[in-house]
Each structure stands twice: as C-alpha cells, then as structure tokens.
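Listed next: structures, encoded as structure tokens.
In what follows, chain A forms one complex with chain B and a second complex with chain C.
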Partner chain A sequence: MENNNRKAWLYLLPAILFMGLFMVYPLVDVFIYSFEEGYNSASQTFFGTGLYNYSYVLHDPYFLQAVKNTFILVIITVPLSTGIALLISVGLSSIKPLRNLYQTVYFLPYVTNTLAVGLVFMILFKKTAYSDGLVNLLINLFGGSSVDFIDGPYWAKMFVLCFYTIWVVMPFKILILTSALASVNQDYYNAARVDGTSKLRIFTKITLPMISPMIFYLVITGFIGAFKAYSDAVALFGTNLNAAGMNTIVGYVYDMLYGDSGGYPSYASAAAIILFAIVLTITVINLLVSKKHVHY
Partner chain B sequence: METNYDKIEKAAKTRRTVTKVIVYTLLTLWALMVLFPFYWMLLTSVKSYGSYNAEYIPKFFTLSPTLQNYIDGFTTVNLGRYVLNTVIFTVATTALMLIVTIPAAFAFARLNFRGKNLAFTLLLSLMMIPNELVIITNYTTITNWDMRNTFIGLILPSVASVFYIYLLRENFAQIPDELYYAAKVDGTSDFKYLWKVMIPICKPTIVTITILKVIECWNSYVWPRLVTDDEAYYLVSGGIQEIRENGFGRENIPAMMAAVVVISVPLIVLFLIFRKKIMAGVARGGTKG
Partner chain C sequence: MKVVLQNLTKKFPNRNKKVQEDVVAVNDFTFEIPDGKLIGLLGPSGCGKSTTLSLICGLQKPTSGKIFFGDDDVTELPPENRGVGMVFQNYALYPHLTVKQNILFPLENLKGKDRLTKDQMLEKAHQIAKLVQIDELMERKPSELSGGQQQRVAIARALVKMPRVLLLDEPLSNLDARLRLQTREEIRRIQRETGITTIFVTHDQEEAMSISDQIVVMKAGVVQQIGRPQDVYNSPVNLFVAKFLGTPPINVFDGRVSGGRLYIGNDCVMDVGGVSDQDVTVGIRPEGFVLCENGPLCCKLSGVEVMGRDISIVSTNTSSLNPTIRSIISAENEVAPDAEIVRFTLKPNKVFLFSKADEARISFGG
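Let's turn to the complex of A and B:
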C-alpha cells in the first residue's frame, strides 16, 4: 500500500501538471483578474480592487448587444432544434430500409469544420453585386423581394445565425434521441397495441415519458451550448462581430482579450464570469423544472 | 359483410402507405438540407472564376469543371501551410493527450493509494469548468512565456481532457481483478500489465477517444485564434478566415470553396471509416451544441 502511493501519484503526475497549470490555476486566477481594476497587461500592474470591471462590462453597449443576441439565439434555437430533432428521430425509428443511410447523412455536420462550412451558408444567403444568391432566388420565386442576409437588416442576420446554429447542433440531438427511442422497452408498445391505443396516445403517454430524461438532457446541454455560441457567428459574419452587430457573449470575451479592441483581461474575466453565472442560473432553473416533469 | 371487411383492410393499408410516404418525405427533406451545402461547395469549387461571376442565377451543375481553384488554393494562398500546421497540431496534441490520459486512468482504475477518492472527485468536478473561464488566464500565461506563435503554445493548453480520463477509467475498471492478481503472481510489473494487458483489451475505447480528439483538434478555432497572429502558424479554421478576409486579392468565391472542400474532406473520410465508433463515442458523452 505505502509502496503504491508514490507510484500512483507518479502515474497521475502528467495529468496533474497539465490540469493544474491550464485548468485549476486559471480558474482561480480569472476571479482575481475580474476584481483588479485598471490592470495593464504590459506592466502587469493594477491600481485597485473592486467591482469596477463588472460595472464597466454591464454598461458597455457592445456587451448589452451581445447579451441580447445570445438570448435571442438561445430562445429560438434550443426549442426549435430539440423539436425538429424529436420529429426526425421518431420518423427515423419508424422505418427500416435506408435507416442507416439517413443516420449517417444526418451526422455529417458534426464532423465538419464550423468555420469552413459556415462560408457555404454565407454564399448561399449573401447578396452581392453579381448575384442575389440562391436563397434570395427562392424567395423571388415565391414572390418576395431579395434581402441581404449577411450585411442587411438585423432580423435577417439573426435568421441566418439561428438557421446555421440549428444545422450544426442537429446531429448530436438526433443521435441521442434515436438511441433513446431504441432503448424503450417494446413490451409497452405491444401492450398498448393489444388495448387498441391510438398512435398519438402511445406517443404522448408512453414514448414521451420514457425518453423524457434524454430530452431534458438535450435541453440542458442545448442551453449551455447556445449560450456559448461564437464560431458560428464568426463563420457567417467575419471576425469583426461588433461592427456587424452580431456579437455573442463569448465573442465579447475574446474581443476584450485580443484583436483591435483587446488587451483588457480584466473586462474579459468579468464578462466570462457573468456568462458563467447566467448559464449556472438557467441550468438550475432547468433542473428545478425537470423535477416536476421528467419521468425517471 | 366480406366486402366491408375488405374495405376496412384496404383503408388501413392506404393509411399505412400515406404515413410511410409522409415519413420518408420528411426524412429526405432533412437529408437534402444536410447534404445541399456539401454539394454546393463541391459544385462551386469546380466552377471557374469567370463563369461563377457571370451567373446571375446560379446554376445547379457545371459542364466545364476545372481544378484551377484547387491549384490557386495551394499557390496563391497558403492553404498547404494551414493544413500542414493543423496536422502537426492534431498529431502532437492527440499523442500527448494519450500519454497523459492512459496512466491517469490506470492509476484511478487499478492502483490503491491515499487520497484516491478525493482526487477522483476533484477530477470529475473539473469537467464542469467551461473553457471560456480558463482561456483568459491561459492566454496571459502563454503570452508571458513568450510562446505566442509557437506550436508549443498552441498545443500545451489543448492537451488535457478530463472526460477522456473518466471514460477510459470506466473501461479499465471493467477488467476483472483476477487478471491483475494472476499477472502479479507471475511477477509482472504494473507498467507491463498496463502495456500488455489493459491497453490491448481497451483498444476500442482508446481508438474512440483518439478519433474524438482528432476531430476536436482539427476543428479548433478559439484558442489558435487567440495565440497566433502570424500567418505561418494558422490552423485551418483561422486560415479559412484569413482567406475570406484577405484571401485572393479579390472576392474569389470558387477558390474559397475549394479551400473549404480541402479542409472538410479529411474529417468526412475519417467519419465514413469509423462511423460506428464515432457515433457511439459521441453518444456516450461528446457535446457540441
């Protein structure tokens, strides 16, 4: 036993080194940063401690814009993507031929580079001097007039962002829901069929309660993921998100750190901690709501 | 009476067929939605610059495909450099991840030592830390160490993956104890036991975490963007942004799409080879969105 002690810690040493240096220490440090006022990254000095950084961030119009964008994105994409994924998964588990093919195709967005494929969405939606773009042609076909989705009105840009975000998060949700549906005990369905229960009733009374823990898991991870949205927005609107008015909270954190507007780790820390507080609050609310509705 | 029965049977059959048609239509619609961007990038990447810009109404096919855009991608902009950087970054990070993960998982699964439970609880609680919180200090650390625009600066903070340690530990723990005691009786050292017995048995899990890490590395954008501003160290994600913003000296969308294809193909091929492993691994704990 005694002998094992040293050996065990030796095996753990690399992990401890990496995690201590790049996870634990930064976690402590970020709180310290957020309270240091007027921190200068060149001279590494600061002239006070207090809540000034938080107050600065909360009064920064760019931050407020980022919070607004992020909340709209979350409120639209989380229910929509979960709902569509549920619809597709139910459809997928009701068929046999071609099922594997569909599953493979649906998973493709998961393994693609968000930045790269975002560019394809950009050219599909963008209106240029040469062409109105494919999506606008479709709109014209149905009698609408062209909209510039990339440099145009706010709602149009938000629409593309939500659309692309849903496209990106779908594979994970479909995968989780199809495996949840497959694990429901067939006996329940057989019993219901013997009783002549209608399909809709089977779905709402058996299927939904049985997979509710997984739906709930997807809603929680969906909220957390959507609150951290960033690279999808960069892919569509470029790196200067503030200019496009499409910044997200995470984007604001990074902009404060680096780039033309950067060099303020204290503001970045305060913003990151505010983001963390929002995510934590929403997750706790989710957990409380689920206690009432989720069947375990 | 008989005709009545036939009628009911027929009606039920029609309803089943209609449901099937609706389901397949819906599924095909979503499949097209997923595949269309891929088709569009392939198509655009083989259209010539002139013909692309001449199409006010984009064509859904091209009769004169060209590979010129791919040549441009590797000559006019540094696409080859970005891909090479990403390969170096991915291989080094993944290898280091395995070197860190395997011994740690072994210690937690097999060895008894003081403070094991506490250490393991701490490890699990680390899983909840969002990357956004720690990246700020990591950025300052790497800057202070003068490691911006170096591979070491890119790689080191990307190595640790708590979840993979957890996943591998669970797998290691399933190996029966008897095997370990038998090996001990034979005088096998712990390290040899890990190397000769545990790793071969748990190879599927190790392959899974390797692939997941490769995907993660290939697509990583935030950290590389923070610590590199020298084009010579850009990875593919940062490279594609660079191509978009200052790329070919003019807005050359076909060449940009060629770059997108080059970046996307390696992972799609990897996915098609390891489809089952990747999907099972992600279902067990990958998160994206």
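Let's turn to the complex of A and C:
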C-alpha cells in the first residue's frame, strides 16, 4: 500500500511539476503582486502593500471603458452566437443533400488564418481612400450614408467587433452542436412522431433537453472565451485600443504590462485578479442555473 | 380494429452501388389481422419483420401495396394520423421527463376538440398506470426504473391515447429470462383487458408461441406460414418453419421413400402411404420418438439428460443432418446408461417429410 502510494506520486510528478511551475506559481505570484504597490519586476522592489492597486484600477477610466466593452461583447455575442449556431445546426441536420458541403463551408472560418480573416473584414468594413468597403456600398445602395466602422462612432465599432467575434466562434459551436444532434437516438424522434408531436414541441421538449449538456458547455466556454477577448479587437482596431476606445479587460492587462503605458505589473495584476473574480462569479452563476435546466 | 395488409412490399436501394438490384425487405405480404387479436411476427433477424412493423406504424412508406385499419386506407397517412401506439425495442422513454410526464406526453400533443383538460389527462394517465401497475412510480425518472418497469412505462405511453393498433418491437429482448416470462404474461393480460389489436415482433419462437393468437413466420421478406401457434407447430408448411419452431429444435434426417415406406439410412422406419418414390428430408419432433426395444430406428447413444418430468436422450445417426439427435421421452422410461444403441419407433403425426427440391412439405396418409 505504502509502496503503491509512492509509485502513484511518482507517476503524477511530471504533471504536478508542470502545472505547479507554469500555472499555480504564476497565479499565486499575480495574486501577491496585486497587493504590492509599485512593484518593479527588474529590481524586485515595491513600496508597500495594500489595496491601492485595486483602487487605482477601478478608478482608471480606461479600465472602466474596457470593462464596459467586455461586458457588452459578452452579453451580445454569447447568446447570439450560440443561438445562431443552434439554428444552423438544426437546419444542417434536417437536410440530406449537400449537408457535407454546408458543414465544410460553415467550418471554414475555424481553419482560416486570422490574418486572412482580418483582411476579409477589412474589405467588408474599412473605409479607405479608394473605397468605402463592401458594407458601406450596400448601405449606400439602400439610400443610407456611409459609416466609418473602424474609426467611426462607438456603436459602429462595437458592431464590427461583435460581428467578428460571433463569426469566429461560430464554426466550433456548429461542429459541437451538429454532433450533439446526431447523437440523439432516432427512436426518440420516431416515438414522438408516432404520438403526433408537432415540430416545435419536438424541438423544445426533446431535442433541446437532449443536447442541453452541450449547449451548456458552449455557453460556459463562450462566456469565458468572450471575457478573455483581446486579439480580435487588435486584429480590427490595431494595438492602440485605449485610443480607439475599444479596449477589453485582457487588453488593459496587456497594456499595463507591455503597452505604451506599460511597466505597471501591479496594476496589471490587480486588473487580472478582478477579471478572474468576474469570470468565476459568472461561471458559478452558470453552474447554479444549469442544475435546474440541464438534463444529463 | 382489424388490420389488413394487401400485397405489401418494401424495397430498399442496395447499399452496394455496383449491384443495381434493390433489397426486398418485405415481399408481397397479404394478411388480415382480426380485430382484438394478439399477433406475433416471427422470424430470424433480417427477415423483414421489423420493417413490416414500421410500415404498419407509418414510419416507413411501402414501395407498393396497401394497409387498411378497419375500412380506412391508411397507406398514405403519416404515423400521427393513424392512431397507432408503438413500443420501441429500447423503449425510447424520454430520459429527462418523469414517468408521469412521459405518459402524459402523447395526450399533450392532442389539439382542438380532442384536447383534454389537465385533470382529465392526469386521470387517464393514472388509469393507464394502474393497468400496467406502475402507479407507484409516477414521479421517477426512467433511469431510476428497472428494465421491466421501463417496459411497462413504454406500454403505458403507447396505450394512453387509446390507439387503434398497438405495435411492439421486440418487447422482451431487453429483459432477463425470468422477467421475460412474467412480462409476456403481462402483455397478454393488458392486451386482453384493453382489447386493442396488437402486433408484436420477435425472433424468439417460444415467446411468440406462448402468447399469440396467431403467428406469422417470415423468412427473407416472404411470409412462410400464418396460423394459430399450435397449428403451425403441428403442421409446418416447409422445412424452414419446422426448424424455426420448437425447443429443442426438430431433428432432421436424410431419408428416402421407396414403395410407400420411409427409410432413414437402411432402417425402414414407417409406412408413408401415397408418397411417390424419392429422396426426402425427414423432420422428427423431439417428442415424436418412442423408446422401443425392437423399434426400427437405430441410433448410437451418446448421453441421457434427466430433466425431472422428462428425460432427454442424445444420440447420433449417420443420416442425421444435425450433429446430434435429441429426443424427449417421459421419465417413466429407463435407459441403461451403458447401452451402446437405442431403438425408437416414431409417432407418425410428429414426423414430417419435405421435398429435397424446394423444402415444401409432402403430406402422407399415415
């Protein structure tokens, strides 16, 4: 028994070392930095300890803007992308011909290079000296006036960011949901048909509960992913997100560490811990809600 | 409600694209199921019995032929308009709903004037639950039920809307042996009490024989024989039916008819009047053997199994087409365990002759 225990620990050692070194230690470190005022990573010195970092971050207008942006992004993109993905998946699984073709088309964004995607969005939205972008051409066609989606009003920029995010996360959700739908035993549908169940009722009473664990998984990972959004905003609006007013919380953390206003690891740590608290809270709420509505 | 099947045929396109020929799952099935009877569709796997059930249910459309419920032509109707109840092989109970919600489900689908009030629905659900004896389990989820209980819930769900026809797909295959015995009695009882015409599919001949009013034996999409279980057992139309029914299975021999006498090997075993001289396949039911000191059929004894009421004699014969011959005789007979050979006379009504050419039965006049 004793021997076995020792062996077990030995086998676990690589994983424990790896996790401890690259996950637990940095996490603890960040937590500590967030309470150390003016920490300097070069000289390893700080002035004092306390909640000053948090107070600074929470009063920083850039941070508040980032929090606002992130929340808008999360609240819009997670339900929309999951809902649209569900509709597309249900559509996909109810057609026979060309299903594989459509599945491939919908999955393409997932395997496409981010830069290529950025280029596509540029063509769609960016206003240049030569062209107003495809979307503006469409707006003009219907009698509207051009909108600058990249450097223009806040709502236009937010729209592009949400659109881009939804478009990028969609393929994975469709992939998961189509396989979840395919794994529902056909007999349930047959039984429902024999009992004269309407299409809508089959969907809400059978399909949805059956795939609810997968939907729940997508919502949780969607929330977490959206809270950590950063690269999408950079791809669209460039690195100076604060100036564009499109920063996200992770973007703020990055800027505090390395950006133009960089060199403030303490503030960055405090912001990171705040983000962690937000994500944790939301996830716990999700779990509580799912206990009531998700069937396993 | 009587159910009439008229020249029912179902073809599936061949999976193997190189072969143009369609797969015929059900071939020209014509049968009238009388009102209020329990019918067993019986056959080895892949014989088209489940397809027949799907056709009656409406989940699949026949390639040709017609289906009538009473006088209504339901061939083109979708399943929901046929008024059928179906119990699936795996029961297909909705796992996220309680037993009560499962049973209520079909009632909640009703619309317009058929729709009942909440109280009426609950009352109906309780009635049906009482009938199948699950009224204690109404608040449980299917995963908290045993196989037999799930089976009952599935039957209750199929019955609650009072279908014109009840269909059961391999209803007992997911149950253990003891429960199977019990449940098949239960199905019989429920069917009698409700009087609903019931069709069930099984590959287990014992199951079909024990509870059906009539059985339909199928092979490769073609109906072989239809009749009361005992009639089919006592006079099978061909070798396939004879082999398929009965446990232990029928013993099959190579035989020869010559001058109105039946020979197995060199033993002249009995008179068969009116049969022309030819080679035949002989089927003898295990209970068709009578132990007799100077009986005509001589077999090498390889073992005796005592099973209480009966004894089963296992022997071999060079003309036998099965590796061993199994005969069942009353336990009052004594067989010396060290005997080398056993001799039998045969009961003529337990001996069947089949043509070598097409395996059809050749009748003989005792």
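Side notes on the structure shown:
Here is the rule we use: the second predicted complex is superposed on the first by the 270 of 296 C-alpha atoms of A that agree within 3 Å, B and C clash if a C-alpha of one lies under 4 Å from a C-alpha of the other, contacts with A are read in each partner's own complex, and residues count from 1 in each chain.
FYI, a residue touches a chain if its C-beta (ideal position, glycine included) is under 8 Å from a C-beta of that chain, and two chains touch if they have at least 3 such contacts.
Just so it is clear, the structure is predicted and the values come from calculations on it, not from any experiment.
For the composite obtained by superposing both complexes on chain A, the positions of chain B and chain C are free of clash and fit together. Contact with chain B, but none with chain C, is seen for A:221 once the two complexes are overlaid on the shared chain. By the touch criterion defined above, A:30 reaches chain B but does not reach chain C.
In the superposition on chain A, contact of A:206 is made with chain C only, not with chain B. In the superposition on chain A, contact of A:257 is made with chain B only, not with chain C. Here chain B and chain C are compared by how many residues of chain A each touches, and B touches more. Within the superposed three-chain model, A:197 lies in touch with chain C and out of touch with chain B [touch as defined at top]. With both structures placed on the common chain, the touch criterion links A:187 to chain C but leaves chain B unconnected. In the superposition on chain A, contact is made by A:104 with chain B only, not with chain C.
Put simply, the nearest alpha carbons of chain B and chain C end up 8 Å apart when the two models share chain A. Of the residues of chain A, not a single one touches chain B in one of the two structures and chain C in the other. Interface residues of chain A, counted against chain C in their complex, comprise 185, 187-188, 190-198, 201, 205-206, 209-210, 212, 295. Every residue of chain C that touches chain A in the complex is listed here, in rising order: 57-59, 78-81, 84-86, 88-90, 92, 94-96, 105-106, 109-110, 157, 161.
Against chain B, in their complex, chain A makes its touches with residues 1, 4-5, 7-9, 11-12, 14-15, 18-19, 21-27, 29-30, 33, 41, 81, 84, 87-88, 91-92, 94-95, 102-117, 119-121, 123-124, 128, 130-134, 137, 165, 167-170, 172-173, 175-176, 179, 221-222, 224-226, 228, 230-231, 234, 238-239, 250, 253-254, 257-258, 265, 268-269, 272-273, 275-276, 279. Residue ranges of chain B in contact with chain A, taken from their complex: 20, 23-24, 26-27, 30-31, 33-35, 37-38, 40-41, 44, 53-58, 99-101, 103-104, 106-108, 111-114, 116, 119, 123, 126, 129-130, 132-141, 143, 156-157, 159-160, 162, 165, 190, 215, 218-219, 221-222, 225-226, 236-237, 240-241, 244-245, 251, 253, 256-257, 259-260, 263-264, 267-268, 270-272, 275, 278-279, 282-283, 286-289.
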